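The same chain A turns up in both complexes below, where it pairs with chain B and then with chain C.
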Partner chain A sequence: MSFARWIPAGLLAGACLAATAQDARKEIEKYQQMIADSSPVELFELEGEALWKKRQGAKNVSLEGCDLGLGAGALKGAYAQLPRYFSDADRVMDLETRLLHCMTTLQGRSREEATKRVFGNEDRLSEMEYLSAYIAAQSRGVPMAPGTSHPREKAAFELGRKTYFYRGGAWDFSCASCHGEAGKRIRMQELPQLFKPEYARPVVATWPAYRVSNSQFKTMQWRINNCFQQMRYPEPGYASDITVALAMFLTATGAGEPYRGPGTKR
Partner chain B sequence: MRRLAIPGAVVLLAACASLPVGEPPALSEQDLIEIHAVLKRDFHTRGIATMARLEPDAVQRACNLHHDHPPAELAKTLEAAQLKAIPFPAAGLMGDWRNGQKLAQSGIGMQWSDKPGSASGGSCYNCHELSPQEQSFGTLGPSLRGFGKTRGSGAEMQRYVFGKIYNAKAYNLCSQMPRMGHSGTLTEQQIKDLVAYLLEPGSPVNQ
Partner chain C sequence: MADPMKIRAGLKGDVADVRVLMNHPMETGQRKDSSGNLIPVHFIQEITVKLNGKSVIEAQVSQAVSRNPVFSFRVKGAKAGDRLEISWLDNKGDRNSTETALA
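And now, the complex of A and B:
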């Protein structure tokens, strides 16, 4: 006796679809393993190191004197303790915000010049992207531990948390419209519930990341910017408080996960 | 294995941080004012995505204040106002399902990278299953497969589907579905084409 004939067609279709999604995931995993040995990220890290050491700006100095929170020039584990509050700037800063601060103060570059091309393309990464690859890589194995004790750090977390659930814009979207419920997808792309630690941890442990689908290297500032673009909002300012607050919310939610990036995304 | 390598102190520190991790917040009137002020300060118009989009309307306000579960009376009042504002065409709500299919597939439009005046898609497949021939569909919204076949395609149903696409908030105030007509994303004719895609017996959705 066959039970198969009693299985509703919808269930079968569901099973086939699940198989398709699983196959797609397996293929991506396979590809990720394949490119791991010859990941372009290593080349980006090398380019980032050169830019870190390159003399630039009105003061003609390198970024080697930049303090990312562990002292001037200290890079080992520095990315993993961001975002955090910096008293010299009186602001909570993520990596890119801090780098921009060093470019304008230490190197004497104008904000306009330093932010002219913050998001690169498949032909050439931006300076920020190269630097992010180089600096983040030096936190591999270090648990993510952003600042969470200073009142300003707590305030940034709280602003990020509330904004995550705030609906607005042309399409009435909040972050939670897509990243709110478990097991949802846009097309075939699975959507992590980023306000929950179990979903945020692997995400914050792998950004910035190389994107296989378009051969580009992307930072968290870009990720947030692109979400707002798809939400049909106007554009958030680069390294603005709102973007840092969202990065703080995500990173603090995913805290404790050892950093294993820069990662590889679909 | 990797977890074992985490120094105990770090784990303890993480546990001691008193941040309300993992819990959705309740948004107060004051929160809405503050977030709106931050958005106005930190965002800028780019291309067609203007700052005017950040001005909250009564629907967004109610849904934010009540965590998408407004009191029944308030929801009823606001839904009625949204419904009243839908410009239903006098007759002939069935467009061309073939064009509707193209619109359902297309996710372009309304982004700052889109040219002013360029036509938008409906982004339907981003969130809904529709035709069994399209396996790449999102699951944020309910499956609409066989929609017309199971619900019929009479005048009432046509009117409902047109209205729902034009302004989903007229039927369910805090629906996550964008108000495709109300927001200026889709034109009347485009929505008619989507009505046909959902309801026409010959549409792939109903095969």
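And now, the complex of A and C:
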């Protein structure tokens, strides 16, 4: 008898929870729509454009001669085909790595000077963040299509995949420890299984992104750097092979979706 | 203030649907900097919208509004080619304005 009374009650509670989760998701979507409506990213794009055209460095030239893969100065759709292999640098590069390359070669700046402040704050974004906002915005509507045919691009993808599942650090964490199972979240933030295209696509189509909770603009290099920190790994080098490989793994996994960023995150 | 403002206006019939994105720190006066000093209050106080030079909206705004605020509003009685001017004044006396022609 007591069983018969318990079971329906349990079912009812389950149904209620499911309904609440549905409502919560709908409310979160509504909230995300609202924050996207008030994104200040367009202001950052304007600043980025000014920095792209600003003469700097020992050679006193702008970045307008920088080849992001589609020819010197070509910006339309350039972000959507990164990361890719660049023969002039003999490396696979993501946007920030390529920009850093242009700053050191084209503008004659030192790596130390160019990377002194790569992650900004709410009062002022970094140069890389402004530039990322401007350049990524020039790929709106262009399907994400990173390089996947060159052997070095394939190697970067494989290294990225290996890193994603590689457990290490003080907590024996891998990316997959958090981003490995369906239905996991941190507080209200769902953790996408980024090794699956259906989860990776909306992510790579919206980074870099404006973060509402701290009024900052964040790039993929920052995202990866911050994940390493959360996993208690040593800090990865900015624009290092390992960060580019992870970006390649994520972007190639999520390829095909038209770019619709710079996005807005909670 | 040379910081850019971004204005987006659409016209439906005689109603202009306007969104304007403003560049402003909107400091509440409650935050502290890294050395523990209070960051002085700094916010937009007044927003004025003019249609062909005639004031149509005068808004008073407080420090409760977020950094880089977006204001959106509708103006009745507008037509294509009308000049829409939006300006703000903050508590330090800084001003900024931008204008666009409705299309």
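Here is the rule we go by: the second predicted complex is superposed on the first by the 228 of 266 C-alpha atoms of A that agree within 3 Å, B and C clash if a C-alpha of one lies under 4 Å from a C-alpha of the other, contacts with A are read in each partner's own complex, and residues count from 1 in each chain.
One rule holds in what follows: contacts are C-beta pairs under 8 Å (C-beta built on N, C-alpha and C of every residue); 3 or more make two chains touch, one makes a residue touch a chain.
Quick caveat, the model's predicted, so the values are computed rather than measured.
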Chain B and chain C placed together on chain A: clash or fit? fit
Winner on chain A touched-residue count between chain B and chain C: chain B
Now for A:232: first (chain B), second (chain C), both, or neither, which partner does it touch? first
Quick note, chain A centre (C-alpha) to chain B and to chain C: the enclosed angle in degrees to the nearest 10 is 120
Q: Check the residue A:40 against both partner chains and state whether it touches chain B (first), chain C (second), both, or neither.
A: second
Message: Applying the document's definition of touch, where does A:186 land relative to chain B and chain C: first, second, both, or neither?
response: first
Task = Check whether A:215 is in contact with chain B, with chain C, with both or with neither, and answer first, second, both or neither.
result = second
Pick one for A:154: touches chain B only (first), chain C only (second), both, or neither. first
Min C-alpha distance, chain B to chain C, superposed, in Å, is 14
Chain A residues contacting chain B in one complex and chain C in the other none
Residue set of chain C touching chain A in the complex reads 3-4, 6, 21, 23, 25, 66-70
The chain A residues in contact with chain B across the complex are 13, 17, 20, 141, 143, 145, 148-149, 154, 157-159, 161-163, 165-173, 176-178, 181, 183-188, 191, 195-197, 228-230, 232-237, 240-243, 252-253, 255-256, 258
So, in the complex, the side of chain A touching chain C is made of residues 37-38, 40, 42-43, 46-47, 122-123, 215
Chain B contacts chain A in the complex at 2, 5-7, 10-11, 13-14, 17, 19-25, 27, 31-32, 34-35, 38-39, 41-46, 49-51, 53-54, 56, 59-60, 63-64, 67, 110-113, 125-127, 132, 135-140, 169, 176, 178-179, 183-185
